[in-house]
Each structure stands twice: as C-alpha cells, then as structure tokens.
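Structures follow.
Each of the next two complexes has chain A plus one more chain, namely chain B in the first and chain C in the second.
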Partner chain A sequence: MINKINRRTALLGLGAGTGALAAAGVLPRSMGFAQAQSSAPIKIGFQKHATGIGAAYGRWYGATTDAAVKRINDNGGINGRPVEIVTEDDGTDPSRGAEALEKFANQHDCDVAFGTLFSHVVIGSAPRAGELKIPYFVVSEGHHVASGGLNRYTLQPGITDVKSQVISMAPFVANNLGKKVTMIYPDFAFGHDHRDFFTQAIEAQGGEVVAKIAIPPTETTFTRYFPNIPRETEVIYHVMVGPAVLTFVKELGEFFGPSRPEIFGFIDSLEAVDINSSGLEFLEGTYFWEGMPRHAQADQTEYDKAYRAAVGVNERGASIDDPANVSTFAHMFGCWETLNIIKAGMESADYQGPQDRTKLIEAVEAVTDMPESEDHPQGDKLFNGKTHQTFGKQYISKVSEGRLVLEHTASIEDGLYEDEVDYTTQSF
Partner chain B sequence: MRRSQETFFAVAVAVAVISHLAAAPAFAHAAEQGFVLLLPTTAYITAGTLAVAATMLLLLVLKPGQIDRVFRPYDAAFKARWTWSLDVVPLIASVCLGFLILIGFAGPSDPQENLLPLTLWTVWWMAFFVVQGLVFNVWQWINPWAGLHRLIQPDAAGVYQIHKDPSVWPAVVVFLGFQGFVLADAAPNDPDRLAAFALGYSVFTFLGMSLFGRDFWLRHVECFTVMFNLIGSMRVARSGITVNIGLPGWQVFETTRPSLSHAVFVLVILASGSFDGLHETFWWLDQLGVNPLEYPGRSAMIWKTSVGLYAAIGLLTAIFAGAVFIGVLAVNRSKNRLPVSFAEAFVRFSITLLPIAIGYHFAHYFVTFMVQIQFVIINLSDPLAAGWNLLGLNSTRVKVGFLAVPETVKVVWIIQAGVVVVSHILSVLLCHRTAELLCNNKRDIVKLQLGLSFLMVAYTIFGLWLLASPRGV
Partner chain C sequence: MLASLEGAVISAILVLTAMGLSIVFGVMRVVNVAHGEFFMLGAVLAWVVTTTLGGHPVFGFVAALIVVPVLVGCIAAGADRLILKRVNYDPDRTIVATIGMLYIIQQATLMTYGPEARPVEAPFNTRLSLPWFEFGDEGFQMIWPWGLSITSYKLFVIFAAIAVLIALWIVLTRTKIGLIMRATQQDSDTAQAFGVPVGKVYSWVFGLGAGLAALGAVLVVPIQQAHYLMGGDPLLLAFIVVIIGGLGSLPGTVIAALLIGMSDGIISVFFSPTLAKIIATFLVAMVLVFRPQGLLGRAPS
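For the complex of A and B:
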C-alpha cells in the first residue's frame, strides 16, 4: 500500500522545513517548531461527516479544524511537533465511523481520533475506539458520554451536552418567560431528550409542562398540531429540526398571528440558516439557546474576534467570502476547543507516541477549569474527568431586528447535574 | 401550410414552457430544502403537468406525417473533422484515468479533496451524461479503454470469436451492477474503494476486449459505451459528411431499429435515475420505517436500497409494458387494420423515454453538481496533493451560500422543474412520431398512445414531486 498523500501533510511539510530553519537559528524560534525528541507529526484522525446527512456540519467542522490546527502549528505545534490532520469520511454512518477509527489506528498510525458530531455515529464508533485503545474526542453535544454508555477512551471535553444545555435554560424560562410551558418536539431520541430533561428542570423551578406535542419526524405540515396547544400556555418550547423547520415557523406564525405566547427554541432548528431570512419574521422577539452567540455582540471579546477571523466567519457568523453561507456557529467551536484540549493534555502528559495514550487520557481527566481564552473562545469550561464531559456557559439570545442579541448567559452551575458514571474506575 | 404548422408547433411548445414559468408567483422564503418546501410546488407541478397534457392535445390536431418535419434535421453545411483528435484525446483520457486511480489509492482520504471521486462522479457521471445526451459525442473522445487498447493491440480481433449476437444484454447486466454500486454501496465516494472499482472495471474491460475482440466487447458488454451510444441518439447534432442539427431525438428515426435489450437498457437508465430520487425522499424512508432526521447511514440500507432499486426497475418495466399493451390492444381491436406488434411497439416506444431519463438526470444532480464542481476546480490547483497551488485556489472555499437564499433556491428549482417538463414534452413528441411509424391513420395513432399518454402525465407528476419532496439522505 502506497503511503497516503495528504494535502495537509504536504502543507505541514513546509512547516517542518521551517522548523528545521528555526532549529538552525535562521528563523526566530516562535516561527518554527521547537526541537523535540521526535520531529514526526502528531497525527490526529478527523472523523468527518464529509458526506451523508451531516455534510453541512462536516464542512464547517473541517474549516474550524483547519483553522485550529494552523494556529497550533503556527505556535509551535504540540510538544514541539507539528500536528497533522488525517481525514476520513464517515458518511455520517455509524458502521463507517467504526471503520474510520480502524483506519486511524491501524493504517494511518494516528495518535488520537477526533471530531464526530452525530450521536449515532459516536455511539457506533466509541466501542471500536475502546477495543483499539485509541483516545476518541467527540464534539457531539450528545448525553451519551456523560450518561455512562460509552467507555474510558471516549471523551467530550470541548462541547457541553444536551442535558446540561436544556436544564440550564429552565431558570431563565421560568423566571422571565412563564411557568406554563408547551413543548413541541420531533418524536425521536433527540426530541425525547429535550422533553425529559426540560420537564424535570422546569418542575424544579416551580413551573410545569402543560402539553407535550410530539411531531412525527417525516411530518412536513404542522397546522393540525397547533390546536393541541393549551390556552393556558405561557411559553412554547420548540426544538424542531429538518427541512420542514421553516414551514413550522411560518405555520406557527399564521396560527397565532400577532398575539402569541412567549416562544423559546434551540438554535439547532435554524443552525446554518440566516435568522434574517424572509419567512422567519415571526421569530422576531422570540428566544433561542445558542451554544455560542452567532452574531458578534456589542461587548465582543478579543477571543471571539480572533476565533472568527481564524475560521473565516464574519460578525453574523457567516463565511467572510460567501456571506449567504451561514456557519454552524453554535457547535463548531467545539472542534477548536477540543483540539486545544488535546494539545494541553499531550503537553501535560509529555505525550511522545501511542504508548502514552493512557497518560493522555489521565491528563485530560485531571483537567478541571478552562478559563475563557483564545483556546476557549466560547467561554469558561469546567471539565468533569469522571464523566468525561465538559460543562460551560450557555447563551440565550433574543431575535431583535433580524439579529440574535444576547439576553442572558446561563452560568456553568445552572447546567450541572449529578454524575451518572465514573469512567476513571474503568481499567484501560 | 407546412411552415405555418411548424411555427404553430414551436409556439405551442414555448407557450407550454412559459406558462409553466409564469405560473410561479413571486413567493420568496428561508436553506435549500426548507425553502423548496415553502415554494408553491403543488401549483408548479400542476402547471408542468398541464403543459405536458396540453402538448398531447395539440398533437391531436396534426395530420399524420406533419410532426415528421419537426424532427427533420437542418443541414448546417459545414464539415467537422476530428480524426486527429480521436487518435490522441482518448490516449490522454487513458492517462488521466490512470492518474486518477493512483490518486484514489494514494491521495487524500477525504472524498472532497480527492480528484478520483470528484472527477468520476461530478464531471463524468453528472456532467458528461448530459453533454453526451444533448450536445456532442464526448464519449468517443474520453473512452479511456478503447484508444489505449487500439494502441497496444491494433488488431481488434480477440482470442475467442463469438458468432452469436448477444445484443446488449451483457451490458444490461453489467449496468445493473453499476447502478447497484452507485445507489446501494456503503461508500461509493470513498477514494480507495472507488479506485479499486475503477481499476477492477478497467481490467475487466481490457481482458474482455483482448479475449473477445474490442468491437464485440464495446458493442455488447461495456455498459458505458452502450449507455453513451444510447443516450447519444438524443443529441441535437450529428457529424456526417456535414453537420446536421435537429430537435433532440431526431437521430432516432435515422438509425436502425433497436432491439429488446436496448429497450430494457433504457428502462434501467430511467428507473435507476428515478429510484435515485425516490430513495432519498421522506416518503420512501417512511415506508421503510427509517427516521430521515436520524438516517442510519448507507451501510444500514444496502439491502433495502438494492431490493428497492431492482424492484423499481421491474415495476417500471411492467408499467411501461402495460401502457404499451393498452395502446396495442386498442388498435388491434379495430377491424380491418394491420395489427401492431406488441414487441415492436415496446422496443420503439422505450426509446422515447430517453429525454425523460436525461432530463431527470440533469435535474436530480443539478444542485450537487454546482457545489461539487467547485471542489473539482479547487483540487485541480493541487491535483497530486503535493502542496502545489497551480491555480492559486488552495485557500478558496466552496461557495454554497446560493442554496441559503430563497430567491436563488427558487430559480434553481424552476430550472430543474423546467428541464423535467421540457424533457417530458420532448418524449411526448417522440412518442407521437413513433406512433406514426407504427400506424397509418390518425385514429390509430392516438389509440396507440392511450396508455403511454397516461404514463407520461403520471411520470411528469412523479418527477416534479421528487424534486419538491423533502429528502433525508
């Protein structure tokens, strides 16, 4: 088998050359890689949704990954070694996800694997990561890591999970929007998670879910479900996803007209869709959870600014050179932050090669606070080494004149819940 | 008189198309599929279907033989000689395929960065299919096997001589396998896998040409040559002593009568294309109990997709045969008429489906092509992934924003739907002309098309519905 040519390897070849010049004293040290025991690159297998239903996310996860790796390499790499990304398409397919991990471990000699978004691909791949004993850093926001369903080799340090996101919304909803909530959600695992987590959380705030309206996933028209919304409803909580979301918004607007209850949703519904699109006018004045504020805020941090510039997105979270192309801004920061955590973990563990994989996992498990910084532009994080899950700030934005304006920041504490697993008790 | 009827006919077609476009009200809304769902596609589908039906009604006023003029080619009175290039270009194509296979095995594992899947699927399968079927005979230039084989083995004869004519039945079987790979394989985009497939097929073709003779193999077994020749009969231009140009399909009436295997090949092309669209829809996934919002991936769907594909081919063949049979029965029930042969009608009418197959191919892949061709161009900047930047495009990102703007999504959808409608109208014209070949009086010409007319209208609705349906793959 001929060794794989990789576009990034080639580019890194230039980087490595620069490193040699730096080592020889021709270039300032900051511009090259420090001399390390091994000058071989650290190989990170990127399990990419290049094709399949996750391809739109895959493109942006790829762009963010490239930007993060460029920054890491520009700053000297990891332990003085350049980072190389080896991409395998998982087709957003659990079986192929597991095959990608096998290629990373056995064919490409990757040090770690990283990047997966879709829950079913994570769940399909994680057991193989455990068998192959390769650290698997996912960027999925699913609760499957913290729920204890996976293994010691699977970690989610760069993005919060859906349980934390949902429960941290309850205090704001109950205190500002209303206590009688009607939930409208797609009738499968994703929607059920929202239903179950939020019902518990709002009750803890003295509120209640007065109706749970489950919509079949293949539904494309929604008007017939709206009469099931009780009159007493003060807040509608919606998490519809899929191509019919726009129809959902339009029909909801037609149903309520100008007098509507408060409306709260998850930006997952409109990820990569311009909130200012015609047809979405009804969303004016409604609220959205955002993993990271898509639109640059008045008090934008330097970290946010640097992150956007590196990834190539503008103040509206869209591609700088293709402004109609809105990014998956609420999720893709997870790639950036996860890569920085891998770097920090490897440096802490003095990672030299695959023989140090367990040291790397232990080093990441030992991480706790990760303050907001250029490495963590989304905000402060608190990592729980036992559950392999990170916790962080959550953002609630209000649609105001076609902009998502930050209305409330939920604290890390708002999203904490009791541990459901202790992976550190599992042997390697 | 004849001129005025030609003009009338041209206007009728134009009116049908324009009425379809004009039926689209100014209705702008929010990412591609979501925007399409907001379009008044039911009205568009109705307008498109009415345009096809109206064409059928207009044909009723024509006297037998008059439509013949529509398909009569125009002699452009210039010569086109490609002889030199036909010796050289196919060899370049062979070298390109060799390089592409090497890139497939040794290049980037990301299919969006590897020129093998990008070129084969985007340039060859999506684009050349349409170019071959509409513009010019691109396959005679880029067939990567024939030219090289001619160079290596000038003697076209193989080791074994087969005297029995198998028609294109072997090619039908090979093409069925290819369609299975395209639609049901877990990862047809995976560079390694595709390289193995392309290499394997190239070896198979070379061996076949060497063992059984180049011409025999290309004519009867090599499914892409057979397919490109078949759809090539719809091209507007043909180069003979001079170049002749005519309405797509005019060449059908100037070539020899196709065989039953050709008819089945056409049905396989059409049914595969339609099933490609169908198997992505929420409707299909719902039938299978698959949640499109949590699509389990192609690996979990291999058998379901395979069975669906081959069942769709069988079903379309049966429906088409039934539609032809109704017409033949209607004609043959009349007394004092020469009976029409069902077999001949089946074969001849099948060719009239080619415009629909080409039109739907265009419509189905149009959006994907516009995105993927950007990846092709960007990757040409560094074809060997060696860090080159030949075109200065290495840091360029693919632009997909046009799919997130309702206005452009609407334009794109109308182009897709317009092509589907026009292709059906063309099929209706070909169908009428074919009926005239088989019957010699107006009443029988209409009767013979009874079943097919319903099929054409139903297929218009089906094709447009596929474009308007939410997809989950």
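For the complex of A and C:
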C-alpha cells in the first residue's frame, strides 16, 4: 500500500503538529516554568555490560538497578522528581564504554552516569567523563579510583576497592591457611590490583607469593596454566572473571584431585554460578571472599531480607523465578547502594539540573559514615571524600555442605590504607 | 605427560575443525571465514538439545552428537544455496559474504541464546590420576602428585576424533561420494561435463565442512562452555593449521593440527600459553615465506 499525500492529509498533519507543539511548548510556559522543571525525571545513564565477557554481571547489575530505582520512585523520587534509567550496552569494552558516556551526556541529557564494573572499561571511560564534565559513579572494585589515576568526576561510593579487600584478607590467609601462596588472577587491571596489593599484604604478614599465574580473561580452557603451580604451594589464591569461570573452577578441581592444597578464592571466580554445579564438589572446605554473603546467614539482618525481596533473589542468592539463575550477589549490592548515595547527594545539594553537577560531587565528597540500613544492606560504610573511595566490611565464607557459611568478618579498619590522592584539590 | 595429553585433546578438536575448513577450500576454493561460527553454533545447539531433552547426560549428549552436526550442516548448505551460489563462488566475494555470515550467525545467537556461557554436562567424567615414580627418602616409590591426571571424557574426545577422521578418510577415498568430490576438486567444469551435479556437490561439501566444525564443538562443549563469542579462537587456529598444512591438503591438515595442538599443549604447560600462540603465528609466517603452498600442498603448476 502506498500512502499518497494529498492536500487534505497534509493539512491534517499540519494541524496535528501545531496542536502537539502547543501542547508541548506553549501550554507549560503559560502554566509556569518551575513546575515543569521539577516534574521532569532525573536521568541516570546506566553503562551496562549487557554483552561481552561481563554479561552475567550486567544482567544482575541491571536487575539490582531496576529494583533500587523502583524503591526510590516509590518513596517519592529524588527531590520530588522521578528517576529514569537510560541504559547503554558497552559490550564490556573500553572504547564502547567511552562512547556510551558521550551518548549519556550529549544525546540523552543524563544528569549522571553510573554502573560500570570491569576495570578496563572504567579506566577507558573515566577520562571521557572528566572531559564531558558528567559525574561518573562506578561500581567496579578496582583501585584505579583511589590510586589517583582518574579524575574528580569519577567516584566509587558504593563498593570497596580491591586494595582494601585484599589487605583485610591477608591476615586470615596467613594465619589460618598457610604462608606460601600461589596466585591465579585475570591478566588485566583488576587482576593486577590483586597481584600487587596481595603480594604486599601477605609479605606484611610474614608470608610470600611463590608463583603468579596470569590468565587472559577471554580464555576458555585453563588446565594448561596449572602446571606452573609450584609443589611447595600451601594456599591457592584464585580470582577469575569472564564467561568461563565455571570451567576454570572445574578444571582446578580436576587438576588437584583429592590432594589439593588449601584454596582461598574470590567469589568472582564463581559469580553467577551455582556452588553445587557438578564438578565443584571439591570446593567443600575451601574459603571464599564475599562482598556480601550470597547465602542468607543464620543472623540475617532485616535489611538483607528486604534487599533480597526487592531484587528478587532467594536465600541462596538465585532468582526467585528461576533457581538456576544465580546472581552476582557479592558485587551487585554496589548498584543499590550507589543509587541511594546519588539520591542522598542530590538531595543535600538541592540538585536541579546539569548546572548543579559540581555541587552534587561536592555533596558526595562530604559524605563520611553510612550506617547499615535499607539503603546500605551490605553493612556500614566509611566514605573517603578525598580519594572518592568507600570502605566497608568484608566477608570470608567457608563452603560446608554446599553452603557458603560466614567464617570471618573483616572490619572496615582492617582494610584502611593511607590516602594516595586528594581529588578535592583538583578543579572541576 | 600432562602436556602431551592436553596437546592431544587440543589437536583432536583442531583436526576436525581444520578438516572442515580444508575440505571446503579444497573442493570449492572458498575461504570460509564463518567457519568458527559454525563451530560456535554446534556448541550452542548442543546445549539446546541436551537441555530440551533433559534426562541423563549420556542420552542428551548422544542425541546432540547425532542431531547437531546434521542440523548445522543443513544450515550451512542452505547458506551456500542462498548466498555463495549467488556470488558464483568468486573467491574475493565469498570472503566478504562469509564475513557477513559470521556476523549474522553471531548476532542471531546473541539475540536468541543470549550472552551467557552455559555448561553442557559430560556424559561421563571420572578423573584418572596417573602415578609418578621418583627416588625419595625411602628409595624408589610411586607417588600420585596433584596435576598428573586426565579425565575419561578427554580421552574419549581423542579417540572419537580419530574415529571420525578414519571414517572421513574412507568416505573420501573408497566411496563414490568421495570420488565425485575429488573429481569436482580437480576440475569442476570437466566434472560437470561428465554429469556430476557440481552445484549440489558444493552444497553438500559446505554442509559437511560446517558439520565437522559442529561435531568438534559438540565434543568440546562439555570441556568448555557454549558461548556466543567462542568461534574466534577455533577459526584462527584452524586457519593456522590449514595454512601450515597446505590449503586443501587433507594429510597436511592432519599433520599440522597435530603439530600445532601438541606444541600448543607442551609450550603452554612448560612456558606460557601466550608464547604458544606467538610461536604458532610465527610458524605461519615462516611457512608463508619459505613454502607458500604449505607443508604438503602442491605448488600451482
């Protein structure tokens, strides 16, 4: 069918257009400027790892973000305005990450950008955030924020960085598991943070790293890396990311068989994977760092309960609708908490629009203590406005009878270190 | 020991994948850039078949082993009819066309199957540890160190690949199908004149090549996981193998696959996997410089 444009339809179209213009442009002006502005949504650009090696994280960062935004909107939004999430897929790729930020700033008119996990994407995107002068709230764990390598527009208020995590883990490893450690980590910035800071931290405890095995995060088969594990190894320290983490842990089990050393892993190696998958039986009795305990513990807080219900995960950290769909529970709380911090920051800065972006950053920099609450279900937080980095409790769980049971909680003080930068002295 | 076993598994998968690429090039003179995606498709469909059937892993796996290569072969044959035939198998244009196919298959998988890596359970998987003899404090003794082991499934992969290879060899050299394929390879115009349906042969061969890649993938998927980006590595390695072995030469492909697989296994274990890739690529460069037709390829007359 071909629609012919004749005079009548043209006139009709013109008439409708004028009407729409009047509705959109003229009427609000006559009804008052302030009202129109205050009801416009606050737009938060969500840089999502929807595809690429970070897809499992992206999916759950998305679910947590939606739940947090729904809760904020149900409670009246931010400064009385609703929050709207604008999602862009970054393909877990640094150059696409920077493009996503450009779209947020220039096309979607977002107020802030948020949500990145993978450290290479953060490092690739942050300079662009500084140039575009858009606040960039990352949920990445990497030490790049607190190291001073980024800029005043990049903040990490919702999740503890790797340096702090490993400093607080090292005493437990050295005192309970062994002093001679072999590290297996992904070969990019995040893994290098683990390598550098854990090596220092374990030496401070009188231990040593006897071998460092770097594996590209895109690798699909791992057995051939394992023969480099020295025989004297007392503890395996593993942290792996990417789509093949299940294969990684399985092959680790096949490699060791019944005669394994102690194993201490970051749960990253098993995020989005059921701990009871076949081939993982050998994990019984091994230890995991967890950002937030995946399995609900005996002394579960009401905040934890409310958070699980809002996001839609059960007491084993899997989707309520599909128990096979296991979440990235140890990381995704960062999205929830970061959005609540953005809300708190915008409200204390009386944020009205992009012209107030610097006021927002100053307001967040002024934050210090964030007590455990529904806004912060993972636990108490201490934010350092100078380094733009937050510090929280860290958890060590032991696998027993197919459950991750909390064994040790490292306090915030256990993970503190000296400031390496003061972003507040940088100009906007 | 572990090194050579790992190498043998890598070779086994590689030889199937590279064989597909090599046959397609040998008979059709088509450089199939989408070959890795047919591999990926095999792995993903294996997951689909095993999860839809459910039940015992053996049942699902055997079903996948039969259904998936046929299915992928049919898809490939369809693609041949639909696309490659229309560009008249022109060497330059088929490369561009198969690059297009690569993206279509990859993105279609992303849109339907999703970006996750999903595991397929192996039909059987027991860890077989191997003893090691050494002179310790108490004289000669046998120890069972960690690491020195293989799983029964990995052994099965090696033998399955050998079996498929032998079957393929018999088909190509002892049957009428093989004869027709070889005739088409030598001179397609004359073959056509003798009543060989060259168009059909091309579709069959393209399907066979993709089916072999899919078969390799079904075998490998219980060891790795099915993921929409998994086609890149096998494509690269298959190209390396085919170039070293000589494009279109089947014995050359087998020898090169063994060479690359074993060296990859051994170098990875004793040095680093990155070094193994560097050496493989270096080998390709050397072969291209000193023996452009490949180890067993025939120089163009």
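List of remarks:
Everything below uses one rule, namely that the second predicted complex is superposed on the first by the 337 of 428 C-alpha atoms of A that agree within 3 Å, B and C clash if a C-alpha of one lies under 4 Å from a C-alpha of the other, contacts with A are read in each partner's own complex, and residues count from 1 in each chain.
Definition applied: a contact is a pair of C-beta atoms (placed from the backbone, for glycine too) under 8 Å apart; a residue touches a chain by one contact, two chains touch by 3 or more.
Everything numeric here is computed off the predicted structure, so don't read it as measured data.
Within the superposed three-chain model, A:Pro186 lies in touch with chain B and out of touch with chain C [touch as defined at top]. In the superposed model, A:Pro323 lies in contact with chain B only, and not with chain C.
When the two complexes are overlaid on their common chain A, residue A:Leu246 makes contact with chain B and with chain C alike.
By the touch criterion defined above, A:Gly279 reaches both chain B and chain C. Looking at the shared chain after the overlay, A:Val86 reaches chain B, while chain C stays out of its contact range. When both complexes are overlaid on chain A, the residue A:Gly312 reaches chain B alone and has no touch with chain C. In the overlay built on the shared chain, the residue A:Tyr225 is in contact with chain C alone; chain B does not reach it. For chain A, the partner with contacts to more residues, out of chain B and chain C, is B.
Judged by the document's definition of touching, chain A residues 50-52, 56, 59, 218, 220, 243-244, 246-247, 272, 277-279 lie at the interface with chain B and also at the interface with chain C. The touching residues of chain A, when paired with chain B in their complex, are 1-7, 10-11, 13-14, 48, 50-53, 56, 59, 63, 86-89, 91-96, 103, 120-121, 186, 188-190, 217-218, 220, 241-247, 249-250, 272-274, 277-280, 312, 318-319, 321-326.
Partner chain C is touched in their complex by these residues of chain A: 50-52, 55-56, 58-59, 216, 218-221, 223-227, 229, 231, 243-244, 246-247, 254-257, 259-261, 272, 277-279. Remark: chain B residues 28-31, 33-38, 105-113, 186-187, 189-190, 282-283, 285-286, 291-300, 382, 384-387, 397-402, 404-406, 470-473 touch chain A in the complex. Interface residues of chain C facing chain A in the complex, by the touch rule stated above, are 2-3, 6, 110, 114-117, 119, 121, 125, 127, 129, 144-147, 149, 151, 223-225, 227, 229-230, 233, 265, 268-270, 273-274.
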